[in-house]
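The same chain A turns up in both complexes below, where it pairs with chain B and then with chain C.
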Partner chain A sequence: MTHGTAGLLLLADGRLPAGGYAHSGGLEAAVRTGRVRDTADLGRFLTGRATTTGATNAAFAAAACAALRGAGADAEPGEEQQTLTRLAVLDTELDARTPSPALRRVSHALGRQLLRALKAVNPHPLQQRMQQGPNHPVAFGAGAAMLGLTPVDAARGVLHESVSGPSSAVVKLMSADPFDAYRTIAELRGLLDEIAEDAAGRALDHPEDLPSYGAPLSDHLAEDHETHETRLFAS
Partner chain B sequence: MGSENTVEEQGTDTPGARSLRLGVAGPVGTGKSSVIAALCRALSEEMRIGVVTNDIYTDEDARFLKAEGVLPEERIRAVETGACPHTAIRDDVTMNLLAVEDLEQDFAPLDIVLVESGGDNLTATFSPSLVDAQLFVLDVAGGGDVARKGGPGIGRADLVVVNKVDLADHVGVDVPQMVDDATRAREGAPVLALSGKRWGTVEQLCEWVRGLHRRHLSGTHVPTDPGPMAPHFHADEEGGYLHSHV
Partner chain C sequence: MTASAALTCELDGRGVNRLSRLRSEGQLVLRPTHAKGFEPWAHSRGEVARVSLSSGTAGPLGGDRLHLDVVIGDGASLVLNEISATLALPGTTGGRSLMSIDVRVGEGATFIWLPEPVIAARGCDHRQETRVRLAGSARFLLREELIAGRHGERPGTLAQRVRATRGGGALYDQELRIGARHTGWDTPAVAGTAGCVGNTLVVDPGSTIGTGTAAPGTRSDVVDGSTALMGIAPDTVQISSVGRDNLAVSRSTSAALEMLGPPWSPDRDGDP
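Our next item is the complex of A and B:
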């Protein structure tokens, strides 16, 4: 990562005003059902999240970033259409890898919000022509490319969000030391880097060949969470 | 939500060219939803209205307004803000902004979109990037002193509403005094004593909204930011220190 670091920090910052703060990445449901009770559990939860949803999302973010790189203001019209088509295919493929309708809704809502924020934060000609509510990783990857970032950056950013979201939500959900929560992320950094490199290595694969790691229990909990009466986080 | 939306979203940001976006803020339970219901009931013949509600949990406020039957259900949208209701109206308005833009697009042209903030504390105010103007709703049941405490909402919202004045006798609050205190804290800016049970006061509120809407259309209304939390004083052993939140 020799260039674009500042852009990546901007995009992956949980404080970027794109509505991410309203979500716990499935942690609330896991705490409520007694599956996460302490920091050790949180570590296992985050490892599971990074290696399943996180790894899949990282691959799609990297692929979306690769699809858009180079398609700037000076791109040929045909080229631009190709990029948009590829993004749409990636989006459909990711839908197919997200069995929970609740999680699909969340991902599209977050993608739409990110795109809306980036239109104001970092305007780019393709933003108006893109589908307005893509899955979050697709929006993230496209947004990364618009900031001049590379596929591995996009993968890193999405993975960072997938673990930092729950880690900052945890103190609102159970008695947890915020330092312990962030130590958990620190301990995962080797794994996260590995997953990001792997995701970037597949950025040019056919969309249908991208990975589809699943966590059926998370899907099930997400469905249940969507209709739960007293939730602090939307997901 | 969102996935089917492929229509271009363009920030129609010229005031007057789009609806008047009016925020309703104030502490928990002071009557924000009731104020919105009253406005919809009284104004729906003359104005095209949309409503966005914010809730920590689920969509309680939207359900209340739908049950009141003051507007067609599809014009009332709920935004779930998670554990941070104030974030959704100031630090990170994206969810609310999209909800407002969606309403404006789906029911174009609208005259007013009302945005209810999730009940928070005295320091929560709307960012001008989300609304053109805001009401700050207090109630007499919270005690007559609240108005004197000031803060950005009380001090600089476009209008302060002192609600539930029908209860004043029961809670031992002197309404004219409370209105005076608020007016002083606001250096003369408008304060309205309101009760949902007193039609005349609701009509005064409607008049204020009509005036605001006219100024919005003519481009003479200038959105102002009540400002973030003002620096405030914490007592401690050394005699206190000034403290500012960013």
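Our next item is the complex of A and C:
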């Protein structure tokens, strides 16, 4: 199966001008507060992020992708409305799973930027009718479907971003060897694949049944980060 | 063991809170009670109904299926507390234990829920599913704590999900998972090396407790390095705390409730 690979590489490319590079996924605050001091800590941080926020976001991206794939180019107007309604429900459900106001703001800002980029890169009629600042995983999943990708692709992409963002940020935040940082991702690939497949398996579930894995320290780090005047990354 | 208990509190025609249903079963024992120390919102309100949940036996043990149904009718007010902590233990034959709790809070009703901590003993495999359905004008407080094992003990597996909806829409949904089977729980992104995780949810319709400087629903107060008071909605906040033990979490949570002021914390100036 090679279908859609090029689209996934485009969407998950950190160089896509959609604002992702400005975020460290909580790592800057984790380094500042001493919770992450070396590459081993980074590996633990990324594992915790992938199994909580990452897994939840992956499930929502997969579900958003599945919602849009149901509505093909020849969709009836009623079907299109159903898709938009499902995307809106997914967005509300994901907000309820994001207790940190700072993280809600970041997710909606990144969703807005991604949607804006995709309107230019890969225009699709539904983009105009979608809510303009959805949560990032919802925008990512919808964008994946518009590129002909599948729910598992959307889940993989979101998970990849959730660990590659902090990994590329780490060299700016502490003295770390970039090769070591990327080795931590390589070591996580089995776990990431497992989470992505699980997420895709739940893509058609009722939105309220999707995962809601909490990460209290990530919430605290995000809130703490916003109180600092001098910071390298937006989150 | 399978046990199902139920509790309904209603406001009668004379404005008195009545426990119209109080059904205990097996280890789930419900009985009318009195206030245990300071109670958020309900403190010194004599008209509020109070019920204690106590455990008739050890556990939950692996294999147990427990269910609690709580209904607070329109305009009624109830405090539910617990006699002792819940110690989740492994069963003799293995298997997961499940505690499911369904709560419905009616229009103008108040539910103050003060459970004791849930302790994940070594080898346990326990899941708690709490679903709270709030009417648009329902007031609600839940203050809960999870403890990762008894003193010096590696915790078993524990998953605790709390989902609150209001008027049918999702308001809050978080599942906390601890224990060796949940890869990643003891990392700097989730719970670190903490022995206790606390979660408090306060829904106070008509108030602006969740309003921050950025926008409604965005209150953000960093109470200490591992405790935050966060706006979920204009009238809703979550207090999330992670600490060495439940004493630390309890102190931090109380400090956060002080930021909300009375009636959620004791009135320091006036009478109790």
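A few remarks follow.
Simple rule for what comes next: the second predicted complex is superposed on the first by the 232 of 235 C-alpha atoms of A that agree within 3 Å, B and C clash if a C-alpha of one lies under 4 Å from a C-alpha of the other, contacts with A are read in each partner's own complex, and residues count from 1 in each chain.
By definition in this document, a contact is a pair of C-beta atoms (placed from the backbone, for glycine too) under 8 Å apart; a residue touches a chain by one contact, two chains touch by 3 or more.
The model shown is predicted, which means the values in this text are computed figures rather than measured ones.
Partners chain B and chain C fit side by side in the overlay (superposition on chain A).
Touch criterion met: A:50 reaches chain C, while chain B stays clear of it.
In the superposed pair of complexes, A:105 makes contact with chain B and with chain C alike. Within the superposed three-chain model, A:212 lies in touch with chain C and out of touch with chain B [touch as defined at top]. Measuring from the middle, so to speak, at the Cα centre of chain A, the directions to chain B and chain C differ by 120 degrees in steps of 10. Residue contacts after overlaying the shared chain place A:36 against chain C, while chain B stays out of touching range. When the shared chain is aligned, chain B comes close enough to touch A:120, but chain C does not.
When the two complexes are overlaid, the chain among chain B and chain C that reaches more residues of chain A is C. Of the two partner chains placed by superposition, only chain B is touched by A:234; chain C is not. Of the two partner chains placed around the shared chain by superposition, chain B is the only one that A:21 touches, whereas chain C remains out of contact. Here's the short version: in the overlay, chain B gets within 9 Å of chain C at its closest Cα pair. Residues 105 of chain A touch chain B in one complex and chain C in the other. For chain A in complex with chain C, the residues that touch the partner chain are 26, 30, 33, 35-36, 41, 44-53, 92-93, 95-97, 99-102, 105, 191, 208, 211-221, 223-224, 226-227. Interface of chain C with chain A (complex): residues 161, 163, 169-177, 182-185, 187-192, 197, 199, 212, 214, 217-220, 222, 225-228, 230-232, 238, 240-242. By the touch criterion given at the top, residues 1-11, 56-58, 80-84, 87-88, 91-95, 97-98 of chain B touch chain A in their complex. Within the complex formed with chain B, the chain A residues making contact are 15, 17-19, 21-23, 104-105, 108-109, 111-113, 116-117, 119-120, 128, 131-133, 172, 229-234.
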